[in-house]
Amino acid sequence: MDNIITVRHLRVHSRDKTLVGPVSFSLEPGSTTGLCGPSGAGKSTVLRALVDLLPNGLTRDGDLQVLGRTIAPGKGDANLRAKVVLVPQTPVVFGGSILDNALFGLRHVLRAPRKVLRERAEQALHEAGLWKEVSDRLDAPAHTLSVGQRQRLCLARALALEPAALLLDEPTSALDEQSRDTVEKTIAALHGRRAVLLVSHDPAQVERLCDTIIRLDQPTATSPTVTVS
Amino acid sequence: MSTSTLTRQPITPDPDTRPHPSKWIWGWLYAGASSVAALLLVLVGYLGTGVGSGEVDWPTLLTESAWSPASSVYGGLAMIYGTAVVCVLALVLAVPVGWAAAVALSEYLPPRVARPLRLCVELLAAVPSIVYGLIGIIVIRPVIARLADVPGGDSLVAAGIVLAVMITPTIVAVSVDALAAVPDRYREAAFSLGLTRREVIRSAVLPLARSGMRAAVLLGMARALGEAIAVFLVVGRADGRLPTSFGSFLDSLVHPGQTLTTKLAGPEPVLAGTSGPHFAALCGLGFILLALVAAATFWGTRGQRHSTTAKRTPRYRASPRMRAQRDQLAKTLRLGALLLPSVLLVGMLALLVTRGSNAFHPSFWFTSATGAAGGGVRDQIAGTLLLVVTTGLLSLPLGFGAGILIGVHASTRTARLLQTLTVVLGGVPTILLGLAGFVILSTAMGWGRSWLAGAIVLVPVVVPVIALSTAARVRSLPSELKESALSLGLTRAQLIRSVVVPYAWPATVTGLLLGLARAAGETAPLLFTATVFFGAPTLPSGIVESPVQALPTHIFTLSQDSGDPQAVAQAWGSAMVLVLITAVLLSAAVALRNRFEGERWTT
Amino acid sequence: MVFSKKRRLVCLASTALMVMSLATACADKKGGATGALQVSGSTTVAPVAADAAQALKAEGLDITVATQGGSAGGISQLAAGQINIAMTSKPLADEDKAAHPGTDFHPIQIGADAVGVIVTKQVADGGVKNLTAAQVRRLFEGKITNWSELGGPNLKVFVYDKEPGRGTREVLDKYLYGEEEPPPPPKSGNFAIVGGNLETRNKLKSTPGAVAPLSTSFIEGHNDLQAVTLDGVAPTAENIASGKYPMSRPLYFLTDGEPKGNAKKFIDYVLSPKGQALMTKHGYLTLEQIGK
């Protein structure tokens, strides 16, 4: 089967200098790949480049193929992002209830009866390990959840889309030990079924969860900065 | 964990099966933005035709100070000077007080106290400007006369102060909106670093609220430039005063002057007819005014991009011993700034209640007028409500659309251009709207005196207020929210429909309220297009030749020349009724907004 | 934030189309004008007209009274055929007739308004009880800056003149300059412009050394303001009727051609004793009082 994401010589520039790269790697179906490196190495930037959500002022070059399509810089679209879903580091919840949040992406992407959407959302909550905690208060406002629960809600909301790949940006950085274990368990359960690209600053975590590890170092002018182990 | 998850069908999102693609949203946004442009174009076209109808000597208009239609001298320099002085003065006085009061409202007072106060401030913005003008006559002029030892006290300073008083509520209301949109976690985070409240506000809250607070100033400026009646009553309206030295500059401040707006709102546009050199010169003045607003807006928004690209590193401040004292000082100053609007509100209400006691008899509300000043004002109330509601219905979608488009275009040239256009539209003196509406709707389109024409000429008053407050709120949308939504596969149209619109609309409601409150008190445009003083049915039966009666024009006509004491009482009673109606409308909408603002967007 | 150019164009085009179709749809709806008698013009006369219209309502007469554009607005609307009766608070000028050659203006005087030169009580008590035309002229030209120059108290003069187009102002100009062109307003710092009578009275009261032209009925019952005598003539009804007092302005109804039908009914009512009582109610002089 083809790679889900293939990246060759990807670089991200600001107006006057190169911030990241060149980076080359690929994400195979079902694999869990770790992307690690020190703070400021541009891990999150790489993730954003993959779904074409770079902040204003940053541009990328190099070759990017997603699901067999070559994506020119600035040409990433919403349908692509519904298949390769980025889960940002800050767990953002939208206004509305917990269920509304779990449905948030799905109801914009999939045309189906409300019942079907709801089933999918509930399954996603199961998958993210949040179901037990929230099954009795799906209609409660989402901002009443703790940070750990919000993080898993964000994960559920992404999983509900049945993405081909999940791009997780430091999913456990804000969590206590117990929540971290739950999230890690969820990620581990995805192994073999969905491609996951996991950004983490914690080498032990990457070790635990990933079968491929990409190391990203501070970019220098001369040496290539990426080693794949 | 169940394995049924594996049996789910994979999603194949494509443009055809996507639910709620919300593409109509672009039509809506562009309709809103183009309505702003179109309205402005119509006005410019009107002025341009006017200028074209007689030779305008631009160099004279711009450099000569004397204005005397009798001897065909048309110089506008003294008016440009007057406009600049009055406007700068108003902003210098109102912005610090308004911002400080807004900070006090949103950061210092408990919500229990702040909410009703916020409502009161919005109410102040709804007091008809003629009431502000009367307060200027009764209170501010004598003070100036005594302090500066000049007789009369009609002066540029008095006009500046009255305007400052008028725009403070606008600035406070919009700034509070911006501050309320800053998520609490920023405050929490800063407090937990051991910062004092002053430091928290300075370094965590204000940077996020900045764009909204700037929009507040722009709105205030637009109102200051567009306001006529209140300035009219205190500026003295003396032509041709231009200082030649610094001493005479100071002197000119406490003496009568003239502004572009008061010249245009005075009797001259009516006396000048519809063509000829006099009318052309007046249209030229209109152009100069629009150009001034545009320049000020452009200059005022220039700093925005600047500050985001080149952030200066904060200096380290020594003497941590003084922190507590400084914190205390800031608190005192800010709460003190809040006193000003409160005193104003109490004073204004006292004035209205004592003079407009008519309004407290139910029969005044529910019987129609008998003759000029007898009976009640039922028909006027119905007419005002009809005008305000129609204007609101027309303006809300347009202003909302334009505002969101300006907001999502953050910091690009398009956004700046659109924003400038919007402020310019807001700064147009309403008399010009009335005249243009009269020429286009009542005459060219044959509507005659029509309530719909009145509602339409009020639209340009309301749309900019809605658009600017909405745009400011959209700009403060946390980027994480936007990113999260986009990374879930939403299209841009869906992002706007499902995230931006629900996030922005409390600010839109504020804008609508402020705008409608201003529109409800407008007199000049209605006199020409929609209202009669007597004899219209309670509710119009059609569109063409269907005038209504309205409270502001009723107040205006009664307060002109009739020597009947009953007429004066009726005028004050009508003013009180107008304020009460606006108060009810405001409270209803504010209650609605508060309910939805409680539904927080957390990040 | 890249929107496709095509989509943008489509949106713009559709919006423009929508607005235009709306506009034409509205323009097509040419409804018949209401059958009401339309009266418009001066804010000075409007309350009288409204009261008269109220009285005639009982007889089934439908009348609307508007104040768009003041006297000048009334005249031009009458000429344009938009209204039936114009209300003016100044005599019809030759320029007006010249501007609307196709209109047969037919003025009917319904009353008058006496204009006084009003000073504050401090000034009057200080000795300024009478002024000559020359003194008034120098006051309003800004050449006298202290009341002591006129034998009054040591108080700075502050002049409030009415804005151009106000009937009151034209009466004063005619008294001071006759048929000559009045000079432009002085550039002195003690000169300001006012509009309506209520505003003028408010400002007179709050300014110790103020002087302004104002309808004399407006200071009745206000002891802090006084009208000076002009060349020894007081603004009494007799003096105005005999023409001795120089400053009064007529209040008119204007029609295009002889008034007919409802217009005649309306004007006749205002000229009747009941209608003339309304003039008194609003502080104006009746035709009888001015001897007509």
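Should a chain be cited, it is by its letter among A, B and C, assigned in written order, with residues numbered from 1 in that chain.
The rule we apply is simple: a residue touches a chain if its C-beta (ideal position, glycine included) is under 8 Å from a C-beta of that chain, and two chains touch if they have at least 3 such contacts.
Computed from a prediction, not measured in an experiment: that's the story for all the values here.
Chemist: Taking each chain's centre as the mean of its C-alpha atoms, which one ends up farthest from the centre of subunit B?
Modeler: Following the centroid criterion, the farthest chain would be A.
Chemist: Closest chain to the protein CA centroid?
Modeler: B
Chemist: Quick check: how many Å separate the C-alpha centres of subunit B and subunit C?
Modeler: A distance of 31 Å separates the two centres.
Chemist: I'd like to verify one number: the distance from the centre of subunit A to the centre of subunit C, where each centre is the average of its C-alpha atoms, in whole angstrom.
Modeler: That pair's centroid distance is 75 Å.
Chemist: Can you give the whole-Å distance between the Cα centres of subunit A and subunit B?
Modeler: 44
Chemist: Residues touching two or more other chains, restricted to subunit B: which are they?
Modeler: 492
Chemist: Please name which positions on subunit B make contact with subunit A in the complex.
Modeler: By the definition above, subunit B touches subunit A via 1-2, 4-6, 8-11, 13-15, 17-20, 411, 478-481, 483-492, 494, 498-499, 502-503, 599-603.
Chemist: In the complex formed with subunit B, which residues of subunit C make contact?
Modeler: Touch list, subunit C to subunit B: 1, 3, 7-8, 11-12, 14-16, 18-19, 23, 26-27, 29-34, 36, 40, 43-44, 46-51, 53-55, 62-70, 72-73, 76, 82, 89, 99, 155-158, 160, 163-166, 181-182, 184-185, 187, 189-199, 202-203, 206-210, 215, 217-218, 220, 281-284.
Chemist: For subunit A, which residues are in contact with subunit B within the complex?
Modeler: Subunit A residues touching subunit B: 51, 53, 55-56, 77-79, 81-83, 85-88, 90, 92-96, 104-105, 107-112, 120, 123, 126-127, 141-143, 150, 154, 157-158, 161-162, 164, 189, 193.
Chemist: Which bits of subunit B are touching subunit C when the two form their complex?
Modeler: Touch list, subunit B to subunit C: 26-27, 30-31, 34-35, 38, 66, 68-71, 134, 137-138, 141-142, 145, 150-154, 232-233, 236-241, 251, 255-256, 266-268, 270-271, 273, 369-374, 408-409, 412, 445-449, 452, 492, 527-528, 531-536, 541-547, 553, 556-564, 567-568.
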